[in-house]
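Take a look at the structure set out below.
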């Protein structure tokens, strides 16, 4: 097998859309055995899967994909062509994805995990240069994109700050974009104005990634959020179809939740509970769009009610800086997602997410730090996933995803076994 | 042949200073055949040149260079020694170049084209570190130098912004320069004060490149401008000797045109028409210097008159921010180079250039966007040329130009066939 | 021998703590012969050491280290474990070092010298990413760390400026640190608040280096200062034990001297003369601590008195910006270390150091520029040493120091023989 057993099996379960339990039943093995095969190679309880199982799973998947192929004959060719934006290899919006293509992107992200976890190094993009153009400060996003490109072997040229010197002199986005295209091989652009990144994209044929265009979109964030949910559910033996997602906080201005709900809506039969202070409700057009796709939507101003029975709590920050002079009516301590609330409303396998940054100042009512040592808090597993997902985006847009597997070599240095002192250990099931 | 057929032939024509037509006649082949030999390898209409032609051209060039060698016995040793600044491998001014040495630099730039066009990757400077010190913001220039260094395999440490923290504490340029020399292998310096870059250069023995010292010089810009003119002329089958160049805009403060005219003056029998608003005329000392070298200079305030019959229109921005409170008398819409004006005054093979940024705001009278789809607009071919020219500068100053050819390997990713949606396709003749 | 003869011998002398003269006597050879063996390979007067001497020295060193091993049985395992900070591979304070471990770090720095001097290139950390987080501007320190990481083959993501966008939105250091840990493999952090870097370090398991936390520590500066003193003394044939060190300037707020004196105090029988304006004296707790370790301390307000007979003059800048409104009583021209003063008070083998930047403005009374051409001025040898020392810190914390030697290959480019026009040439004895 050219890919690891773990990647092979995860991929199979994802393609077949089966939980671990059902998958184990489908191939006639004990769930316990399956779990040991899914451990990282080299971990103590890892077991090799018998050859016959490999063949069996391969056949099931192939038959299934044959059926899917007939069903969706439109799907073919490289992924970057199928998710293209106006015929170009650019990522502007989550609208570019179908369930099929988003899962295909995530299979590439899975391939990146050994690199993101510092077990392997790749230089597949050696010689390529990224223009990381941040017209609005966003250190974490900038570094996440930059580090992802570096981990593929490329180099990064950064620009930060609110002004681009030449644009201050009256240069058009058209000129700026075309000029930069002669210097770099791909651009990530963050800009405070909605639509501006699309304007950049229009003026060039090189890959452009929207790193956030003000109230517009921030597709890589929504993608890493969905990837996190799927990965966590895979660990927990859950399916996303039919799951219950609670979205909490500013649902009106929070572009993150707008994009995320669109991606989640690609799945089947979800229940969304939307918990927001009065005046910060999810816009109607998104509610309608999501409802039309057959999902259940419940709106509430009561956090306890909204969280009840949720599989995922997705909390967001109320950006008080948006409301200078205005009152955010009803945004009180009752809106804080904290340990007591999670214990009271949810089971032991709920996951708690947040796009970060969270406001940890006194009286901010943002996601509480009292969950920091709780394994249900997935916020750092979520940010960690930014690297493999952004690596996958670059690899796909530049057309090198097929070269990654063979480019891997061992890291020379010795990284810590866990990145954070409070990182949860899931008995190898991550 | 160790170099590509295209590079070989271009080099030959440039050394012999012959147009395509005359070169074809000289070696006794049809112009059409020569054109197919000059196409990039792998393009559909590319043809291999017969071995006998290779030998013939080699002999012609060698005889010619033998003659030149006798004529200019002073010229010998590595290029970086011949263009040295006060005995050091530093690039401070266009005054360091002769016609011979500038053309030798451009042959190195030609070698860089497969890298700049993302067909090849080189790691020849792997391990080297560039200090890209911008004491004045200039994103495009900074990224252009940085990307050029990365494409040679090196790493870049950037500093941006108007203050260098230690200099604010009273540190001298001498100290800053010498300290940085212990950290990096070459420095690009942009600084708002004339002469400051020379002060940096004096305090170190490592290569320093002047990235613009206020009203002083910006030699890499003038070099890429000249390289663009020569490359475009080569495509058009024109010679620079005897050509007609129109310079338009702020010719008083625009250091770009001052440096460019000095470089152009290394050629023979040029005609310059200088078109500027009253008060922004080219300084007298440059006029005298250029005149003494046998070139024809005409000054006018009428754009239509100045452009008539030009081979090159070089437009520049009137930096209105320089004239706070002052009037720029006569700087009206009549000074705008636009499609109608170009159609009216020039032929189909004129090229329109601009150092960029151009001011595309309403009422700016800068180079019009209505030429964006016109193949005569060379401004983006011009900025694209910033990469190979800056790569050549680094390679020559660091003494690795001889290692580039053998360091090339194929790119792994798939770049777009054209960088910009409006890029002109010259039937393979670029 | 896998290491160069020069490194081997220097290492032996340092381990045995012997001057060149005594070492030559110990192994029964002429001092002159020893000097030629200590020259860089390839230099004209370099001689190969007879094999029998190699064996003899190896045996002496091994016997000595055997004795030391019995004496200090606690010391074992990789260096990074022995200098660990709260069990982690992080560098927060000079307090983490013993004389043994600091000298072991410097042997790694010696290994880095061929890279720092641009004779060799290493890619041992290829694929690793450094987060160079400067919450306070300090261009030279940032570039020094960045270039050091690049020279090991890694990539660098910088953040500069006084605000980290997400922290402005109320994000805790805990969150910021843990998030960055998912992106990068090591962090250098500079922050204006004392203790903040420790807070960063607590929230992550990846290597963190304190790049200066306000009035707190800046351990890499103290380490490169000590490394410089030892290297200069090795050249001069001096031992640090028993040496006379004069510290001049702001000894109250200057964290540099606080850390340096702690490291120096690891040696035996030093004499410190502390010269400061009234009110800027060294804090009492440091005086007591240093005195308890058996060192002699003399305080004076007279520069001439303090410098008399010193082996090292370590001058520091009085940061006048700290004293807005306040008077710095007695900080007059009499405090300026200049050529006349050094000639008057010290011998030809004193070395003059400064952490830089020095204030070269008129009336600043900082270290005079009239010593720039004087070989006793070691300030640029000192900053140059920032590269090998910081490379050693990264290599040790990431656990790759054992891989460096075999990763070396020749540089491709041709660096200048001396970095600065005023660099002293010590007849190969550097």
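Should a chain be cited, it is by its letter among A, B and C, assigned in written order, with residues numbered from 1 in that chain.
Just so it is clear, contacts are C-beta pairs under 8 Å (C-beta built on N, C-alpha and C of every residue); 3 or more make two chains touch, one makes a residue touch a chain.
A quick note: this is a predicted structure, and the numbers were derived from the prediction, not measured.
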*So chain B and chain C: same face meeting same face, with over half the numbers shared, or different?*
different
_Superposition of chain A upon chain C: rotation angle, C-alpha, nearest 5 degrees_ = 120
*Between chain B and chain C, centroid-to-centroid distance (C-alpha), Å*: 44
*Can you list the chain B residues in contact with two or more other chains?*
155, 158
*Which residues of chain C touch chain A in the complex?*
88-89, 124-129, 131, 155, 157-159, 163-167, 169-172, 174-176, 178-185, 202-206, 398-400, 403
*Can you check the complex and tell me which residues of chain C touch chain B?*
115, 118, 121-123, 137-140, 142-144, 146-147, 150-151, 153, 155-156, 158, 317, 319, 321, 356-361, 364, 366, 369, 372, 380, 383-384, 386-387, 411-422
